[in-house]
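The following pair of complexes shares a single chain, chain A, combined with chain B in the former and chain C in the latter.
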Partner chain A sequence: MSILGTRVLRAEDARLLTTGGTFIDGLALPDALHVAFVRSPVAHARIESVDTTAARSRPGVVAVLTAGDVDLPPEPRSHRRVPDAMERPRIARDVVRFVGEVVAVVVAGSRAQAADAAEAVVVEYDPLPAVVDPEAARRDEVLLFPDAGTNVAFSMPSRAGDDFFAGCEVVVEQRIVNQRVAPCPLEVRAAAARWDGRRLTQWACTQNPHGTRAGLAAALGLDTGAVRVVTPDVGGGFGAKHGTYPEEVIVAWLARRLARPVRWVETRGESMCALGHGRAQVQVARLGGTRDGRLLAYRLEVLQDVGAYPSGATLLPYMTRMMASGVYDIPAVDVDVVDVVTNTTPVEAYRGAGRPEATAALERVVDRFAAEIGLDPAEVRRRNLVAPDRFPFTTPTKATYDSGAYEAALDRVLEAAGYPRLRAEQAARRDRGDTRQLGIGLSMYVEITNPGGEPEYGSVEVRADGTAVARTGTSAHGQGHDTAFAMIVSAATGIPFEAIEVRHGDTDDVPRGHGTGGSRSLQAGGSAISGAVDLLIERARERAAELLEANPGDVVIDPGRGVFHVAGTPALARSWAELARPGPLAAEYDFEPPGATFPFGAHLAVVEVDTETGRVELVRHVACDDAGTVLNPLLFDGQVHGGIAQGAAQALFEEFVYDADGNPRTANLADYAFPSAAELPSFERVPMETPTPLNPLGAKGVGEAGTIGATPAVHNAVVDALAHLGVRHVDMPCTPEHVWLALRSAAPPPARAGE
Partner chain B sequence: MIPAAFDYVRADSAEAAIGLVAEHGDEAKLLAGGMSLIPLMKLRLATPAVIVDIGRVRDLSYVRDAGDHLAIGALTRHRDLETSDVLARDCGVLRAVAAQVGDNQVRHRGTIGGSVAHGDPASDLPAALVALDATFVVRGPGGERTVAATDFFRGFLETALGPDELLCEIRVPKSGPNGYAYEKFNRRAQDWAIVGALAARVGGTTRVALVNMGPVPLRAAAVEEALAAGGSVPDAAALAAEGTEPPHDLNASPEYREHLARVLVRRALEAL
Partner chain C sequence: MTVNGTAHDHDVEPRTLLVQYLREACGLTGTKVGCDTSSCGACTVLVDGESVKSCTMFAAQADGASVTTIEGLADGDRWHPVQQAFHEHHGLQCGYCTAGMVMAAVSLLDEVPEPTERDVRLGLEGNLCRCTGYHNIVKAVLAAAETMRAAR
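Entry: the complex of A and B
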C-alpha cells in the first residue's frame, strides 16, 4: 500500500517537541553583538533631534546610529503606481509615521546592555496630527506624505455604470469592517548576520529565504552570490514574514560595517507594533438579484488601510477583486479599490491575504440577501453555485477556476452538521425566548493558491548507503514540509520514509526557490520534488540496466521493495545503494505550474449567544475543505484546524486597536485577545477531494483555506442567532459588548401576517 | 521585555523580609509570586532598585483551622487554596474563587497575599475577601496590626499597607462548604474579569461583592440591603450597579459594565 494519503506522523515533531529545534535566538554565534532598536512612541511627528550621547557612554555599547549614519536606500516600492513620495526609509529620517517605526539603532555587547542604552537615546518629537481611521485618511485632511498630495497610495476604480443593478428586484447593502489584526506568530522576528570580508551570511526568520537573499543583496548593493541566507527553524509566519523588513537589512548592514557578527531578537511588544498587520479593509458590499433568489449583480467597494507605508498590503485588494464573486455564478461583478496610508503599522499579507476579505464580504451580504427575500441561506447559495460541468470557469473578475464541486461541498457540510435538526433546535429556543440563542452560520469559499504561479525547485539525491536527500525551494515554518516531501520521495522510490532527509532554507544548499506563501508549497514544491523523483528513477533505471545487462526499457522499479529488476525476474534486483555506489545519482527539476489552483469548501458554524450579556460561544464548527488530492490527512487536519482557529478568532476575538492619536492599545497578548483552545470547540472536518488537473499530485493549497472559510461562517452564525430580534449585522470581532450594543439598537422585526 | 537593572536579595523569614525592606526603604519592592510585578518590570513600568524575594518564605504558606476562623498564610499559592481540604470544608467559596484566577501557571506561582497587596480591583480574590469580611494581619518594624478587608483597599492599586510593612496572614470566617456562586465574566478563560459577581451566604446573611466595578473591590450594599429587607432576587439585583464607578476599557464601557453587574448578580443569587 502506498504511503500517500495516509496519516504519517510528522518527522519534525520529535525534534521540535524535545530539543526545541534551532531558532535564531538560540544559534551559537560566538562574539555576536546585540542590536536593539529605538522606536517611535508617537504615531506622527517631526523628529527635531536625536541625542545619542548618553547612550554611547553606556556600558558595552559599540555603536549608536541614526538615519544619517546608515547609507541604505529606501525600501523598494510595492507597485510602480505608488507615489514616489511615499517611500519608506529604513530608519526614519525627518518624520515618524507610526508607533514602532525605527528611529535609531543601538549595538552592544549583550542584549540587556543594548536595551538599557536604547532607553538612553533622547529623541525630541514635534507632534503632527495623526490619522488612524482609513475613511478619515481618504478625505486627505491630514497628509502623511505632503509631497504626494494625497493619502491614496493606489486605486483601481469601479467600471460600473449607473444601471449596474438594473433588472434586480432586490438590492441589499452592508458596510463591513474587516478589522485589523496582528499575526502573532509564536516566534517573534529575529535576524543574525556575519560578514567574512567577502560574503554576508544572514540567518533569517523568514518564509522566503531566496526572496530575502534578493532583498538584502539589492539593499546592500551586493551580488546575490555574495549573500547566503540560512533559515533555521521558524516558529510561524502567517504571511507577515514573507517580505524583508528594515530591521533585517539594518542587521546585515551592521555586520558588514562593524565586521562583527550581530544578532537581533525582537520583544513581543515590538512584534505587535512592527511586524506587519493583517486585513484592515472597510468594505461596502451591494448584492442584487431576483425575489426567487437568483444573484445578478455584485458590487464591492474596498478601502484598504495599508498602514504608514504602502508595503505588502498595496496589492491585497487585487486578490480581493479577483476572488470577489466566490463560488457563485454572478453575471455582473464590479470592484472599486482605494488604498490609503494611515499612521499605523504597515499592513502585510496575513493568512489568506486579500481572499478572506473577499469571502467575508460576499458571504455576509449573501446572508443579508437571503434574509431580505426570506429564503434559507443554504438555498440561496445552492441556487447560484457554479455548476460542476463548467470548469475551467472564468469569472467576471478574470479568475479561472481549475476544478470544483461546490454543491457537493455544501451538501456534505449540511448533512454532517445535521442542518434541519439545528434549525429545529433554533426555532424551539426562539419560541421559548431562551437567553441562550442558537445561531447557524454558513460560508462557502473558493480561493486562489500559488496565486503568482511561480515555478519551484526540487531535487533528489541518493547516497551510497541508499539514503536520500531532497531539496526544496519552499521553506517550512510549521507546516510539515519535511514529512510531506519525504512521503513523495518514499512512495515513488521505495526508499524508507525515515531514510529521507529534506533540506530547505539555505540558499547555498538550494540554488533557487520562491519560499512558502499563498498555500503553494505542496502543489509547487511537492510537484517539483515529484518531477525530480521521476527523473531520478529514469537515471537509476539506466544504471540498473547496465548492472543487470538488460535493456533499460525492460527494467522496472518495485517501489514496495525499493529495488529495480528486469520485468518478470524480481529475484535478480538492484537496490538504491547498489545503484548509487558507482557515482552520484541525483536529479533536479523545476516545476512550472500552468496556473494557479482554486481550493474551495463550505463551513458551518454553530454558536450560542447569551442575549443578556452578549457573550458568544462557538459550540460547533463543521468544515468541508476541498484542496484536491490529500497527501497526508494529518498535515491537512493541522492546517485546517489552525486555520479555523485563526478565522474564528477574527470573527469573535481579535482586533488591533489604536486610539485616535495612533497609540496602540493592544500591544501585548493580555490586551490583544488571541484565543486559546479553551475558547474553541473540537472542529469537525468533512473530507472531500477534487483533484486539480494542473499538477501531477492533484493537490491545491490548504494553508489558508480554514481561515477563509471560518471567519464568515462564525460571523454569520452570530448574526443568525439574533436575526429574530432584529439584528442585521454585528461588527467584528463579535465581542460581548459589540453584540450587546447590536441587540440594544436593533428594532424587533414586525410580526408577519399569519404569525 | 528586559527589566531595568535591579539588585536582588532573598528573605528566608517574615522578619528578615521586614528588615530588608527597612534597610532599602522606598527603593525596595517585595516579590512574592511575581505574577503582577514581573510583567510590570519587564515593560519597565516598574523599576525598583532592589527586589526582596519572599517567594520562599515557607512559614507564610498555610491554611489552618484557627477555631472560630481560618488562617491563611499570605504566601499561600492559589493552587494550594484551590486544592485545600480545610477550605473545602469550611470556606468553599474561597477555594472556588481561587480556582478561577488566571490559568494553571499563574495559580501555581501567584499567592493570595500578592494578589491582595497588589490591590487590583479586577482580581478575583480581593472581592471574595471583601465579601467574607476578611481580616488582614500586617507586620512592620513597629509590630503587628490587623486591618479589615473593607478598610484595606483604598484606591486603584492602592492599599492600607505601608511601604515598610508585610502582609502576613488573612483571616476568614468559616462559611461552610457551599452557599456561594461566582459569576466571572470574561472573554478568554485566563483573562481578568470584565465584571465579576460573587454571592455568598456567611452566617445568616447574604453577601454580594463585585469585581472590576470601581477602583477597589466592592460590596453591592444596595443589593444586600434589599435582600435583607426581604426583596426578591430580581428586584435586589437591579440595584447591583448602585454606588459603583466602573472603568472604561477595551472590553467594556461603564454602561455595559453596569448592565453586566445587574445580570451577573441576579444569576449569582439565583444560583445560591
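Entry: the complex of A and C
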C-alpha cells in the first residue's frame, strides 16, 4: 500500500523535540557584533536632530549610524501606480511615520551593550498631527506625504452604474471593519550576516529565501550570485515573513561595511510594531436579491489601510476583489478599492492575505440578507451555490475556479454539526430567556492558492548507499515539507521514507525557488518533486536496462521493494544503491502550474453568549475543508486546526489598537489578545477531497483555508446568538465590550404575528 | 547550578535572566525567548522539578538549583512520554513554542496526573502557540497522561 494519503509522523520532530532545533538566535557566530535599532516612539513627526555622541561613547560600541550614513536605496515600490513620493527609506531621514520606524542603528560587542547604547541615542522630534483611522486618512486633511498630495496610494474604481441593484426586491447593506491584527509568529524576526570580501552570507528568518536573496542583492547593488541566503529553522511566518524588511537589508549592509559578522534579533515589543500587520480593511457590503432567496447583485467597497508605507498590503484588495463573490453564482459583482496610508505599522500579507477579507464581508452580508427575507442562512446559501457541473467556473471578477463541490461541503458540515438539533436547542434557550444564548454561525468559502502561479523547483538525487536527497525551492517554517516531500519520493521510488533527506532554504544548495506562501508549497513544490522523481525513475530504468542487459522498455520499477527488474522476472532485480554506484543518479524539474487552485469548504461555529456580560465562548467548531487530494492527513489537519484558531481569534479576541495619536496600545503579548488553549475548544474536522486537475498530486493548498472559513463562521455565530434581541451586527473582535454595546443599541424586533 | 545533570559555574551580571544564562553561558539554545512580558511561556524550564518561565527569574536566583531543559528531558535515546506524544499526535509545527510547551506539560502532569481536557487547557494557559490551534497539543498531553498512568 502506498504511503500517500496516510498519517506519516513528521521527520522534523526529533530535533525540535530533543534539542529545540536551530533558529537564527541560536546560531553559533562567535565573533559577531550585535545590532540594535533606535525606533521612533511617535507616530508622525519631523526629525529635528539625532545626537549619537553619548551612544558612541558607551562600552563596546562599534558604530552608531543614521540615515545619512547609510547609502541604501529606498524600498522598491509595491506597484507602479503607487506615487513616487510614498517611497520608504530604509532608515527614516526627515520624517517618521509610525511608531517603530527605524531612526538609527547601533552596533556593539554584545546584545546588552547594543541595547544600552540604543537608549543613549537622543532624537528630537517635532510632532506632526497623526492620522490613524483610514476613513479619516481618506479625507486627506492630514497628509503623510505632502508631495503626493493625497493619502490614497492605489485604487481600483467601481464600474457599477446607478442601476446596479435594479431588479432586486431586497438590498441589504452592512459596514464591516475587518480589523487590524498582528501576525505574532512565536519567533520574532532575526538576521545574521557575514561578508567575506566578495560574497554576502545572510541567515534569514524568512518564508522566501530566494526572494530575500533578490531583495538583498538589489538593495546592496550585488549580483544575486554574490549573495547566499541560509534559512535555518523559522518559528512561523503566517505571511508576515515573506518580504524583505529594512532591518534585514541594514544588517547585510553593516556586515559588508564593517567587514565583521553581525547579528540581530528583535524584541517582541519591536516585533509588534515593525513586523507587518494583517487585514485592516473597512468595507461596505451591499447584497441584493429576490424575496425567495436568489442573489442577484453584490457590491463591495474596500478601504484598505496599508499603514505608513504602501508595501505588501497595496495589492491585498486585488485578492479581495477577485474572490468577492465566493462560492455563489451572483450575476453582477462590483468591487471598489481604495488604499490609504495611515500613521501605523505597514500592513503585509497575513494568513489568507485578502481572501479572508472577501469571505468575511460576503458571509456576513449573506446572513443579513437571510435575516431580512426570513429564510434559514443555510438555505440561502444552498440556493445560490455554484453547481458541481459548472467547473471550471469563471466569476464576474475573473477568477476561474478549477473544481468544487460546494453543496456537498455544506451538507457534510450541517450533518456533522447536527444542525436541526442545534436550532432546537437555540429555540429552547430563547424561549426560556436564558442568559447564555446559543449562536450558530455558518460560513462557506472558496479561496485562491498559489495565486501568483509561480513555478517551483525540485530535484532528487540517489546516493551510492541507496539513500536519497530531495531539494525544493519552497521553505517550510512548520508546514512539514521534510515529511511531505519525502513521502512523495518514497511512494514512487520505494526508497524508505527514513532514507530520504529533504533540503531547502539554502540558496547555494537550491538554485531557485519561490518560497512558501499563498498555500503553494505542496501543489507547486510537491509537484516539482514529483516531476523530478518521474525523470529520475526514467534515468534509473535506462541504467537498470544496461545492467540487466535488457530493453529499457521492458524494465519496470517495483516501488514496494525499491528495485527495478525486467517485467515478469522480479527475482533478478537491481536496487537503487546498485544503480547509483556507477555515477550520479539525479534529476531536477521545474513545475509550471497551469493555473491557481481554489480550495473551498464550509464551517459551522457554535458559541454561547452571555447576554448580561457580553462574554462569548466558542463551544464547537465544525469544519469541512476541501483542498483536493490529501497527501498526509496529519499535516493537513494540523494546518486546518491552526487556521481555525487564528480565524476564530480574529472574530473574538484580537485587534491591534492605536490611540488617536498613533500610539500602539497592544504592542506586547500581555496586552494583545493572542488566545491560549484555555480560550479555544477542540475542533471537529469533516474530511472531503475534490482533486484539482491542475497538478499531478491533485492537491490544492490548505495553509490558509481554515483561517478564511473560521472568522465569518464564528462572527456570524455571535450575531446569530443575539438576533432575536434585535442585534444585526457586532464589530469584530466580538469582545464582551463590543457585544454588550451591540446589545445596548439594538432595537428589539417587533413581535411577529402569533407570538 | 546543575543543568541537565551537569554542573555549571559562571560569574554573571546581576541582570542576567535565567533564560539568557541557559542560552548564552550554557549554550543550551533549546529554551526560547518569545516575548518580553512573560506571556508566551517559550522559555519554560523545570527548576527543582517545577515549571518556571525562565525569563521571570534571574540566573543568580537559580544559584544552587537543579534545572532541566528540553535538552535534558529524554533519558538517553528514550524520550519522555510527553515528547513521544507530541510526536505521535503532531503537537508541534514550527517548533518554536515546543520546548516550553513540553516542559510546562511535564510539570502539569506531575501535579495533575489524570487531567481532563479542561485541566490541560487551563494548565497550559501560560504557553502560547500560533501554529497548532492547541488541538493536537491538548491531545498529546492527554495521551501522555494515559501512557504515564499505564506505566505506573
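In this section, the second predicted complex is superposed on the first by the 755 of 755 C-alpha atoms of A that agree within 3 Å, B and C clash if a C-alpha of one lies under 4 Å from a C-alpha of the other, contacts with A are read in each partner's own complex, and residues count from 1 in each chain.
Convention: a contact is a pair of C-beta atoms (placed from the backbone, for glycine too) under 8 Å apart; a residue touches a chain by one contact, two chains touch by 3 or more.
None of the values given here were measured: they were computed from a predicted structure.
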- Task: Classify the contacts of A:Arg90 with the two partner chains as first (chain B alone), second (chain C alone), both, or neither.
- Result: neither
- Regarding the shared-chain residue A:Arg10, is it in contact with chain B (first), chain C (second), both, or neither? second
- Task: Pick one for A:Asp25: touches chain B only (first), chain C only (second), both, or neither.
- Result: second
- Message: If we overlay the two complexes on their shared chain A, which of chain B and chain C does A:Arg615 touch? Say first, second, both or neither.
- Response: first
- Message: Per the contact definition in the header, classify A:Gly480: touching chain B only (first), chain C only (second), both, or neither.
- Response: second
- Of the two partner chains, chain B (first) and chain C (second), which one does A:Leu634 touch, if any: first, second, both, or neither? second
- Query: Given the superposition on chain A, which partner contacts more residues in chain A: chain B or chain C?
  - Reply: C
- Query: Of the partners chain B and chain C, which touch A:Ala673 in the superposed model: first, second, both, neither?
  - Reply: first
- Query: Touch check for A:Thr267: first (chain B), second (chain C), both, or neither?
  - Reply: both
- Message: According to the stated criteria, A:Ile644 is in contact with first (chain B), second (chain C), both, or neither; which is it?
- Response: second
- Common interface residues of chain A - those touching chain B in one complex and chain C in the other: 112, 267-269, 668, 670, 676, 678
- Message: With touch defined as at the start, can you tell me which chain B residues reach chain A in the complex?
- Response: 1-2, 4-5, 39, 43-44, 185, 187-191, 194, 250-253, 256, 259-260, 263-264
- Touching residues on chain A, where the partner in the complex is chain B: 111-112, 115-116, 119, 267-269, 612-613, 615, 653, 657, 665-666, 668, 670-671, 673, 675-676, 678-679, 735-737, 740-741
- Query: Of all residues in chain C, which touch chain A in the complex?
  - Reply: 13, 15, 23, 27, 29-40, 42, 70-71, 73-74, 79, 83, 86-88, 90, 92-99, 102, 117, 120-122, 124-139
- Given the complex, residues on chain A that touch chain C span 9-10, 12-14, 16-23, 25-26, 28, 112, 184-188, 233-236, 238, 267-269, 477-480, 634-635, 637-638, 641-646, 668-670, 674, 676-678, 680, 682-683, 706
